[in-house]
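The same chain A turns up in both complexes below, where it pairs with chain B and then with chain C.
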Partner chain A sequence: MNWIKTKNNSKLNLKDIPCLKIHELREEIIHENKRPVAFFGKDWGNGEVKLFIVLADDKNGELLVSSALFKKGETFYESITKDIPSFHIFEREFYEDFKIEPLHHPWLKPVRKNQKEYPFFEMEGEEVHQVAVGPIHAGVIEPGHFRFMCNGETVYHLEIMLGYQHKGVEELMVKNPSNQLAESIVGDSVIAYNTAYSQAMETLRGIKISDKAKLIRMLALEMERAAIHIGDMGAVAGDIAYAMGAAVFGVTRTLVINTMLEFCGSRFGRGLVNVGGVNFDIDEEKIQRAQQTFKKVEKDVDRMTKTMLKNASVMSRLEKTGTVSTEKALEIGLVGMAAKASGVDLDSRFDFPDELMNTLQIVRKPFKGVGDVNSRFKLRYKEIKESLSIIRKILEELKSLKDEPVLDNGYYLNQKDAFVISIVEGWRGEVVHIAMTDNTGALSRYKIKDPSFNNWYGLALAVRNNGISDFPLCNKSFNLSYSGNDL
Partner chain B sequence: MLTQILNLIILLFVPFLMMGIIKKTKAFWAGKKGASVFQPIFDFVRLIKKDFVISNTTSVVFKITPIISIATAIAAALFVPLAFGKAVINIPAGIIVFAYTLGLGKFFALISAMDTGSSFEGMGASREASFTTIVEPAFFTVIASIMALTGNYTFDSLTQILDNAGNYGVLIIIFAVVALFLMILIEGSRVPVDDPATHLELTMIHEVMILDNSGSDLALIMWANSIKMFLISSLIANILLPQTLETYTFAGLYLLIMFAISVIIGTIESGMARIRMSHVFEFVFIMSSLALVVLSLVVARMFGG
Partner chain C sequence: MLDTLKSRIFQGNQFIKDIQNAPMREQFRGYPIIKNSSCDNCQKCLSVCPTGALKLNPISIDLGRCTLCGACKNICQNHAIDFSNFYKLASTSREKLVITEAVQAEDYDKIAIKVRKEITNIFSKSLKLRQVSAAGCNGCEMELNACSNANFDMGRFGIDFVASPRHADGIVITGPISKNMAYALEDCYKSVPDPKIVILCGTCAISGGVYQNSEETNREFLEKYPIDLYIPSCPVHPLTFINALLGFTGRKK
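Up next, the complex of A and B:
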């Protein structure tokens, strides 16, 4: 066996993971031709490095895991990217961390370290000019450097250099894992990150959480999705100077996050999720108030979206701006929202479903996107509607589960020599956490992959041949995380 | 004399108040309370008290531009009829002095933007320059047509359209007013051409040119810009009001029209998105088309049947 098959949130024994030679593994990957979910190294002692790879079989809800060992002195291998381009960012990261070079990689540039030596792609010509933006930006956003190659107002090429937020989260996670750290990694995906971390720890320790706790987590996750999507729709409206949209969506988002504040004391859901369940129960009075609020939210979002989509000046800005075609999306391996908008239906809520999804009768509804800003805008609207319908179901369900406990705070030990994959569909896409333990049960490697890691390159492709003044609009329609990429 | 002093007071305060009313209107449509209409005056006072930072890559051009901006704006104001239908310096062909005094200010704004060496400001300057080149002939066509019609080559002619144009009067007024209104949106950098509220340097036109200006320099430039908008609005008010009105009725209606223009701009900004940069030219050409309509109406009146 060259692969071991597993599911989301299930435990593997480290010694059960096949260990191949790298050229065999490379052939296996090309033979399987599946989507990479994780591709990372671990220091194996004595100068050896072990490369772990997780592929997703989205159709069957399975994850394929394998590994390869690099002996001391083995410092290169034939790149996988030249056959499967979606590996490009993973191989760059692996090279940056362990200095094992993928030969014939077409775009072997720094990911988050060594920006001082970043080799920018440059075009030459009398009419070509460069525009450098950042790392400090005009708005209150994270740092990142953007280099445009333009001819007049048209962008030929955009190169995105990140890494200003690199803070060594994965190492911190190994040293001192905690919910507080997990939920601070990406500030707009607090619930997704904290749930992914908690699920990984629960699987590692064999904790079974109550249905009520699971429902509250799911509720919070959908609230996070709805809140951020509404906020982003407002931000898109703001970028095209449609003041009314910006104002209405801004107010509506506040209603959602203020409901979160009522549930757990933090508008962004900090402190809600914990290993073993959730920290806060939701009583009937709060449920009723939330139901009222979400009715109003749905009404407002419906009305404003319809007004915007009917406005010709708005549509002329959104349509055919920043297009990423389905082929390109598949080729570079977009995930989550950006992939869905380009017509690639990836959603780990449905690809790796929890049994609760069936109990609540939540069905997948396809979305026909063409990959432009308009598609991403409409996808957000569709996801808000879906999230609100899931929220309605969960709130109804919670009423009947009055007395169930929400937190199991017993003392459990990590399993030794284990390998756990935990995937949560945050609003941006799949948030992947992988935890490994050593022979004492302590964490020995913690790998995090944010959807932004895959999707930043999609933004670079989206702005090609667009006006440079449309870049902020494209950027806002993706709304990718700097911190999640830089870790 | 009294009217001239009143004119001066109007020139000092009304440009700020127009900005304040636009913002208030936008706040109203967004369901917000909004800042006081006097806020732009407070902002001006706050900024004028501040020191400024000057980038060390700039030359003397950058330093003198704020002064030139405000000087040209106030100088241009002297040639335009304000609240009492008479310009302070009422000379034939005052339009040329008016347009090119403002043009001088704009020229310095452009080279000052390029002087900073920033790639954004160069982009902004190129955008602003290309739109201005289309606006200028359209503006001359509108005003010169009216002057030709009335045979009066001072700005007084604006109030004499109805007396000279016969049946065409109302049409000429409508088209001229709409053309000049579009000019406010373009020259005043308002939505849908530009977005004065944005922080996105890549999408700006006018704002990006003054990114490096700060403190009192910024205050002067912003003041000059609001005066420019106010002057074009004054032209609209004078076209709309007939000269036969009694002096103070004229002034009252004038102020009412300035208020209405501000409210209309605010409403447009609330209910409309910006035009894509590559399509702004099409918008600017609407003004040129309207100017040509004014010209043909005047030709039809003077030489037609």
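Up next, the complex of A and C:
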């Protein structure tokens, strides 16, 4: 056996994970030709490094896990990226962390460290010029450096240099893991991150949470999705100077996040999810008020979106701007929202479904995207509508589950020598948390993969052959996370 | 055009008229309420506090470290700790952020922000700020953006975020300040013309918060330069932020 198959939120024994020679593993990966979900090393003691890899079999809802051991002194292997490009960022990260070089990797540039020494790609010619932006940007957003190679107004190439946000999250998650840390990793995906962490811990400890707690988590996750999408539609409107859209979407988002505040005391859902369930129950009165609010939200979003998309000057900015084709999306391995907008339907809510998805009869609805800003804008609208419909169902369901407990705060121990994968579909895409324990049951490695980690390169491709003035618009249509990438 | 007008009419006016007395939902976790007499010193709360903000005998909560997660409140069987919905949490002094039973919310409101004449003279009509996210998680950043939306409309007080540090009167720092951002942060600060102020926004910026034990942070900047205003909580609510600045610039009614 070269792979061990597992499901989302299930536990593996470390010793059951096959350990191959790296060249065998490489051939296996190319043979399987599946989507990488995780590809990371762990210090195995005595100068050895173990490389773990998780591939997703989205059609069958399975995850394939395998590993390879690098002995002391083994400092290179043949790169996988040259055969499967979507591995490029994973191999770069592995190289940066463990100094084991993927030979013939096409572009082994830093992920999080040593940005200063990196020589950017350069174009030469009389009319050619560079535009450097960041790390501090014009708006109130996270830091990152963008280097545009332009000929006149047209961008030929964009290089994105991140790492400014690196704050040692994975080490801290091993040293002192907590829900509060998990929800402070990516502040716009509080629920997704905290749920992924909590699920990983629950699987590790064998905790079964109540259906009601699960429903409340799902409710919060969809509220997060709706709120961010509404806010981002406003931001797209703002970037094309459609002030009306920016204002209306802005205040509509407030309605959603204030409902979250009512549920749990924080506008972004901090303090709601806990290992063992959720910290807050939602009573009938709050449910009713929320139902009223979401009715209004839906009306407002509908009205504003329709008004906006009827406007010719809006459409001329959105259509055919920042296109990532389906082929490119597949090749570079986009995930989540960005992939869906390019016609690659990846959604872990449906690919790795929870039983509750069936109980609530939530079905996947396809989206025809061509990968431009317009597609991403319309996809957000579609996802808001879907989320609101899921929210409606959950709120109804919650009424019938009045007396169920929402939190199991008993004391449980981590299983020893275990390997747990937890995937949650945040609004950007799959948030992957992997936890490993040692022979005492303490966490020994915590790996996080944000969807932005895959998708940043998509943004770089999107702006090629676009006017540089359309960059903010492209950027906002993706709205990728710097923190999630830099960790 | 007609649709746009319709949308506009349908939306009406949504700005909060009296921002200094704006009501807050009761669920909001803001200023702590401490009851020493209820505490039986079981120390359970200490074990769940993620940042070490909490001290016992007598109970004190350091708002500069507290993420207002409410874990201590949830675990305390004797209700010795609670959180009110009072949201004006900012202070001009780091020491005052340490809350004890003796300082009730009303008292805190009176003493927390020391109004300085040189500040009110220069900045009370117009205050332009350059925000620097130094490894902020995007929580505070989103809330700071929300300050300028149609609900909170911070611009009406002459307070705005600007793109260039050259146009700014001060900087607002969010995040625990990563090593990789330390240089850019200092560079930005130096680019702001004098006189200038420094505002720390959010628990991470004030103390490192949940990242205080990270080896990837570099907080030397905070020792080198004077800090004028501390705005705690995680993330900072727009009402907390705007009221902090109104108080700081001497416009508190």
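To be clear about the criterion, the second predicted complex is superposed on the first by the 487 of 487 C-alpha atoms of A that agree within 3 Å, B and C clash if a C-alpha of one lies under 4 Å from a C-alpha of the other, contacts with A are read in each partner's own complex, and residues count from 1 in each chain.
By definition in this document, contacts are C-beta pairs under 8 Å (C-beta built on N, C-alpha and C of every residue); 3 or more make two chains touch, one makes a residue touch a chain.
None of these values were measured; they are calculated from a predicted model.
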After superposition on the shared chain, which partner residues are touched by A:A247: those of chain B (first), chain C (second), both, or neither? both
Given the touch rule stated above, what does A:E386 touch, chain B (first), chain C (second), both, or neither? neither
Could you look at A:E91 and tell me whether it touches chain B, chain C, both or neither (first, second, both, neither)? neither
Based on the superposed arrangement, let me know which partner A:N176 touches: chain B (first), chain C (second), both, or neither? second
A:A132 in the overlay: touching chain B, chain C, both, or neither? Say first, second, both or neither. first
For chain A, which side has the bigger count of touched residues, chain B or chain C? C
Does the superposition put A:R303 against chain B (first), chain C (second), both, or neither? second
State whether A:R317 touches chain B only (first), chain C only (second), both chains, or neither. first
Could you say whether A:G467 touches chain B, chain C, both of them, or neither, answering first, second, both or neither? first
So the chain A residues that chain B and chain C both touch are 138-139, 244, 247-248, 251, 311
Could you pull out which chain C residues touch chain A in their complex? 3-4, 6-8, 10-11, 14, 25, 27-29, 50-51, 67-71, 74, 83, 131-146, 149-151, 161, 163-164, 175-176, 178-181, 184, 188, 204, 209-211, 213-217, 234-235, 237
Contact residues on chain A for chain C in the complex? 112-113, 115, 135-136, 138-143, 163-168, 171-172, 175-176, 178-181, 184-188, 190, 231, 244, 247-248, 250-251, 254, 258, 261-268, 270-271, 279, 300, 303-304, 306-307, 310-311, 481-483, 486
Interfacial residue positions of chain A with respect to chain B in the complex: 129-133, 138-139, 153, 237, 239-244, 246-248, 251, 311, 313-314, 316-317, 321, 467-472
As the complex stands, chain B meets chain A at residues 26, 29-32, 119-120, 123, 191-192, 195, 197-203, 269-279
